[in-house]
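As written, the chains take the letters A, B, C, D, E and F, and residue 1 is the first residue of each chain.
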Amino acid sequence: MKKIEAIIRPFMLEEVSKALTNFGIHGMTITEVKGFGKQGGYLEVYRGEKREVRFLPKIKIEIIITEDLVDKVIEIIQKTASTGNVGDGKIFVLPVENAVRIRTGEQGLEAL
Amino acid sequence: MSRRFLSLAIGIWFFGLPRTSFASEGLNQGDIAWLLTSSAFVMIMTLPGLALFYGGLSKRKDVLNTMGMSLIAYALASILWVIYGYGMAFGEDIYGVIGNPGKFILSKLPKDLPATSASSITENLFIVFQLTFAAITVALISGAYIERMKFSAWFVFSILWFTFVYAPVAHWVWGGGFLAKLSALDFAGGTVVHINAGIAALVGVLVMGKRRMPFLMPHNLTMVILGTGLLWFGWFGFNAGSALSASGLAAQAFLNTNTAAALGAVSWLLFEWLVQGKPTLLGFASGAVAGLVAITPAAGFVNTIGAIVIGVLSGIIPYLAVTYLKPQFGYDDSLDVFGIHGVAGILGCLLTGIFADPSINNAAGLLYGNPSQLWVQLLSVVVVGAYCAIVSLIILLIIKSTLGLRVRPEDELVGLDESLHGEKGYNLHI
Amino acid sequence: MSRRFLSLAIGIWFFGLPRTSFASEGLNQGDIAWLLTSSAFVMIMTLPGLALFYGGLSKRKDVLNTMGMSLIAYALASILWVIYGYGMAFGEDIYGVIGNPGKFILSKLPKDLPATSASSITENLFIVFQLTFAAITVALISGAYIERMKFSAWFVFSILWFTFVYAPVAHWVWGGGFLAKLSALDFAGGTVVHINAGIAALVGVLVMGKRRMPFLMPHNLTMVILGTGLLWFGWFGFNAGSALSASGLAAQAFLNTNTAAALGAVSWLLFEWLVQGKPTLLGFASGAVAGLVAITPAAGFVNTIGAIVIGVLSGIIPYLAVTYLKPQFGYDDSLDVFGIHGVAGILGCLLTGIFADPSINNAAGLLYGNPSQLWVQLLSVVVVGAYCAIVSLIILLIIKSTLGLRVRPEDELVGLDESLHGEKGYNLHI
Amino acid sequence: MSRRFLSLAIGIWFFGLPRTSFASEGLNQGDIAWLLTSSAFVMIMTLPGLALFYGGLSKRKDVLNTMGMSLIAYALASILWVIYGYGMAFGEDIYGVIGNPGKFILSKLPKDLPATSASSITENLFIVFQLTFAAITVALISGAYIERMKFSAWFVFSILWFTFVYAPVAHWVWGGGFLAKLSALDFAGGTVVHINAGIAALVGVLVMGKRRMPFLMPHNLTMVILGTGLLWFGWFGFNAGSALSASGLAAQAFLNTNTAAALGAVSWLLFEWLVQGKPTLLGFASGAVAGLVAITPAAGFVNTIGAIVIGVLSGIIPYLAVTYLKPQFGYDDSLDVFGIHGVAGILGCLLTGIFADPSINNAAGLLYGNPSQLWVQLLSVVVVGAYCAIVSLIILLIIKSTLGLRVRPEDELVGLDESLHGEKGYNLHI
Amino acid sequence: MKKIEAIIRPFMLEEVSKALTNFGIHGMTITEVKGFGKQGGYLEVYRGEKREVRFLPKIKIEIIITEDLVDKVIEIIQKTASTGNVGDGKIFVLPVENAVRIRTGEQGLEAL
Amino acid sequence: MKKIEAIIRPFMLEEVSKALTNFGIHGMTITEVKGFGKQGGYLEVYRGEKREVRFLPKIKIEIIITEDLVDKVIEIIQKTASTGNVGDGKIFVLPVENAVRIRTGEQGLEAL
């Protein structure tokens, strides 16, 4: 089992999740996060006081899947979430050792 | 010269009867008190009422820009009205088409001068009251344009539209222009305010094209409810203040306003419940606003039964316009300014021609034996609609080919608050 | 016929003195201006005032439903009032029990008819003003029921309770019914509005049982503060408008209202600071509302010292009710409608019988040598409380055995906004 | 005795002319209606207006404390005003320095007594109206102190400052004190309210020192816009109510107020757009408030051209104060109470001495041939500023050395809502 | 060291965290997330415009613990968070290589 | 590649992110979370109803970096985020198997 963590632009979520569902992924969790990267921030000025806002709104998608799906899922996300501009985000892959479905107590692959 | 008094003069000429039982012999502090209050009430409709109503309906990333469009419209209209707007609308009539803008407010105006010789309120008070109507009309349009328009373009549009559409139309209907002479009925602004704004809205979205994210995603419905409450509250000044006196007529307009708003809200909610299975709060709010719009031209002409019928219909017809007409034609009227203000405005204008009860205000509609009134009403819809459409189009095309109307696509995605204003609506993390 | 004028008639019969120094000979625009304004002020108390106050106190997942209960109550009462409610409450008295509902507003009512022959305002204005009281009373109850009740059940409850509880009780106290004949004092609605709502609240929560999450978790206290401000503001119309004139009496009621609200707020805050170690803003808001409730029946009868005492006590007694009585008995009054409106309403009603100062409004309480007034006040509490409890219970049981009162447990957990309305209060992610 | 009437008396003595064209012969319901309304309008400015304006500008973790400072100031001033404040400000003059506080409101005051023999409103109404001014002045100061001050310290400060600064200064300018005798012009509170609050703000932040997080991070700008709207709305009562009559003068003050606010807003926004490249909504709101402040002393003295000039300057001078003066000197005025209220207050006070037009209100400024008025205005700025600075300093030092002024550093970091009140503004997770 | 990531229903948090504290867990971090899974979404209609809301509010609990506690903690969460209905959520186990307590700089097991 | 997850006090973010940027880290993601640990909660009282608030606002910083930087980054965070009081937070290190840059599709170390 692997965990895919993808950081994407907020307004790309709709398309990415649609593509993943079409592919057959039927479980994921998203979080509103803020990201800081190569993408420049912007300036906020409150009554003449300037503040650089470096952390921009992003969405983190987390999907736990079996190993064989990893490459395909990465590909789908990468394609649908890309606009070609700096700030499109990143995908990370982490190892997962076990999964449990709370409703039933099932463990391992069956829990996904 | 002033709006109600003018129609009074016409009323007398038409029916040979005095219009209200309060003869105004000199200024009256009670009437002045009510008009001062009403002016503040109408002001609160725009700032913050409409700003909140529209702001809550916008996406989170566009909330400040959306609110800002209403705010700047209010401020610009406030300024221009005292400089030349009032003169253009209510100055000495020139061929029924426009007022003489020579009557600058900047020139000396004695503070205790009655608005007209027959008037119980002062002219500076009448200026203030009318100012708030001009301001909200411009602001109303913005709801259709949000989430895509340049702030600079809106700034310029507000000035031009105020000057070349609002001021003339107000003159025609209220300032002694040709529609007033035809005795078109518009108690508090169905034609001048709502149809006018609705048509400009429609033309604008056709010129600008669809947003990148052309769907309604209200980021804060509690703000929408707050805005609805302030609109409803302020509308009492709008409609009952338009009696220009603290009188039984004002009270009747107040009661009619509340009745139509309540029925608009309940009938929209019930209709939606029936059709879609769930009653929504946005439906309640939308119906309330539609009811308020529809009763606006009628408030001081119809009796309670008229108000009830107008209220019920205004919860259904605009609903159908928003839900079926818009997707059918595919125009992207962000917050349904045409669907609600335009459609309910036309509805109310026509129904006034049907339900006007002479015992209320010496004007009779179809049901009271005066079928010609309905034709006059229809005429005023067509004339105002056509004029507004053409001039709005010209203004928009001029701005499009100079400043440009729309922001860059990436700014639209990121949100206009950040890209145009460098601000965020909410900073909730610290 | 109309409320203050009726008590005026009684006042004269009782004390042989005219009640106000403004003799009303014909309509007066100043009085009309103030009552138009007051009507709008009371309207804003419910929509959006109370909706915000209650909505901010609710859990986030239930905010729209909570606000919606106030909104729909306002709208339904608005509609029913003009159809038959006003007639039932203020129509020709039938055996001291109910008004003749034959006096339909739908029948022709001349727009400039005075409310009574002695009245300086028109009847249609009196209808509007009274309408806003009926509406807020129904809406107030909802605070106790939130986070568990079906919207359809609330819809029907509003209609039935308005008809069978509010209208008769308003008739008894203000419309010339038997309590008015006994000279029970209720300046602006301690009995008719607050005790009535408080008792219905208590009965309802006993019938419905506890919520799945029976605790107070205010999702937005800034909204509660906004609601409190609008309530406080509107209450000036509620209480000072109940003078039915722009007069020294209205000013005294205004001053008393502000004084009691301020003292209620400060005393609740200080008491809590003392007892629990921290002063809370919710305590301030709760005390302010309790002070406003308690001064309501007294506002036009007591002098400033009376208002001060009422204010201080209303910051403490309801606090104790909410903090000790409720957990003791274990009923789940979601937003303390009984604890605040019921308890402070009873408190104010009784204190009116003690502090009424004849120099204010020709009515004397215990301290001014009229101990019997206190008994009359107590009687009106008991009679209204008992009647309201019984009829509310019947209404609730009928709804329970037909539509059902409560939503499904899973809908309660998920939140009523999503399950009943298919809407979310906030969409903050885009 | 009462403020406008006293200056009327002086006016007559000075110019030999009656001040308004409405002779007040006995009470007038129209004037009373407008003053009742105005009192409610000014009330809404503080609660919830200012509380929202300041609360939205504060950090999320301090929002309740920030709002609470305004709330408690309003409540305390309400209570103290009826006990002794009104007596100190408007009681019988003692050597031009203070009123005789023996005139306790608690003593019997007939409810229909005119405020003065020449007055058309009752004294209890005048008390209510003036109360709202006292309350907002104290509340205004809090904006400078937020995010660091103990709630207990603010509680005590409010009481002492109200007693030893507000009441005497109000007496000097409006209650027949020495500045009134010098004929200093302050229509609605430029000196008494805004300069007074601005100076106290500056002194306080110098005594308390910088916050741990000394930067502006508005947690909710929609709340700021709502607050701005309510302030603007209420300001019509503040300024037009200060005519103490429903009259052409009131209407002129209303129009001037709206004009200056609109121009302040637009000029701040445009200036910022020019200088910093983006127009901000906070700029609009700040400019609107600055315009409202600057027109306050002038509203009933200048004509529309005067209002326009005042408006434009108030969008620029305070902007410069906030953007350049504050960083230069390094004081931590959290929400720019000095920069906006103090600076715009001084600006407005001086410009009144330049633009006062005798055709409006029988007082002439520099431009109308009365250069000495400017000196009187300057004198009143200096005298009030100096007195306020010294007494505020003494009060602050006494509190500092007893209760302490500031919270613990860790409480400041965590936020005052949690540490001082045990509450959170928002609970959005359930 | 392992990291337990549990996605649960929002209103189950109270009970789960109480059970975990009773068991002796004295450190955890929670995040408001939105989940998408077998549980059907619901329809939102704004002025007749229908939108299916597939992402429902959930709470993510993260606990870093020593290996020996993993099974017991999973059991506790699974029991207290379960309502038996679709949408109860999932528990995942991930490897953790090190931990540091910021206050003291302690590393490894002592940091927990 | 490793993932650093640091839970810190909200108002420490500014300083920590500045220190990390100065060191040369140019990518991170933050999330608003709530933490529960040794740090005592506080009492909220709503109309006399007491509720202990055990979950306090924290910020989670996530940084994916190459292995060689881990120690240095931990040190920087630990130093700048520490106030010496209970509740300063924790840093965890997790293994990461891959990274992808959405914009370009680059994989592995190049994606960071």
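In this text, a contact is a pair of C-beta atoms (placed from the backbone, for glycine too) under 8 Å apart; a residue touches a chain by one contact, two chains touch by 3 or more.
Every value quoted in this text rests on a predicted model; they were computed, and no experiment measured them.
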In the chain contact graph, what is the shortest path length, in steps, from subunit B to subunit C?
1
Which of C-E and B-E has more C-beta contact pairs
B-E
Is it true that over half of the residue numbers where subunit B touches subunit D are used by both copies, so same, or is it different?
different
Approximate Å spacing (C-alpha centroids) for the pair subunit E, subunit F:
18
Rounded to the nearest whole Å, what is the centre-to-centre distance of subunit C and subunit F, using the mean of the C-alpha atoms as each centre?
51
Between subunit D and subunit F, what is the separation of their C-alpha centroids in Å?
45
Which parts of subunit D, given as residue numbers and ranges, touch two or more other chains?
28-31, 33-34, 37, 213, 217-218, 220, 226, 246, 278, 280, 282, 422-424, 426, 429-430
So which stretches of subunit A touch two or more other chains?
11, 31-32, 45-46, 85, 94-95
Residues of subunit C touching subunit B in their complex?
27-34, 36-37, 39-40, 43-44, 47-49, 51-52, 55, 63-64, 67-68, 71-72, 74-76, 78-79, 82, 105-106, 108-113, 121-122, 124-125, 127-128, 131, 151, 220, 223, 226, 246, 420-430
Residues of subunit E touching subunit F in their complex?
1, 3, 17, 26-31, 64, 94-103, 105, 111
Residues on subunit F engaged by subunit E in the complex (per definition of touch):
2, 6-8, 31-38, 54-55, 58, 60, 74, 77-78, 81-95
In their complex, what parts of subunit F are in touch with subunit D?
9, 11, 42-46, 53, 85
Residues on subunit B engaged by subunit E in the complex (per definition of touch)
215-218, 272, 276, 278, 280, 282-283, 286, 319, 322-324, 336
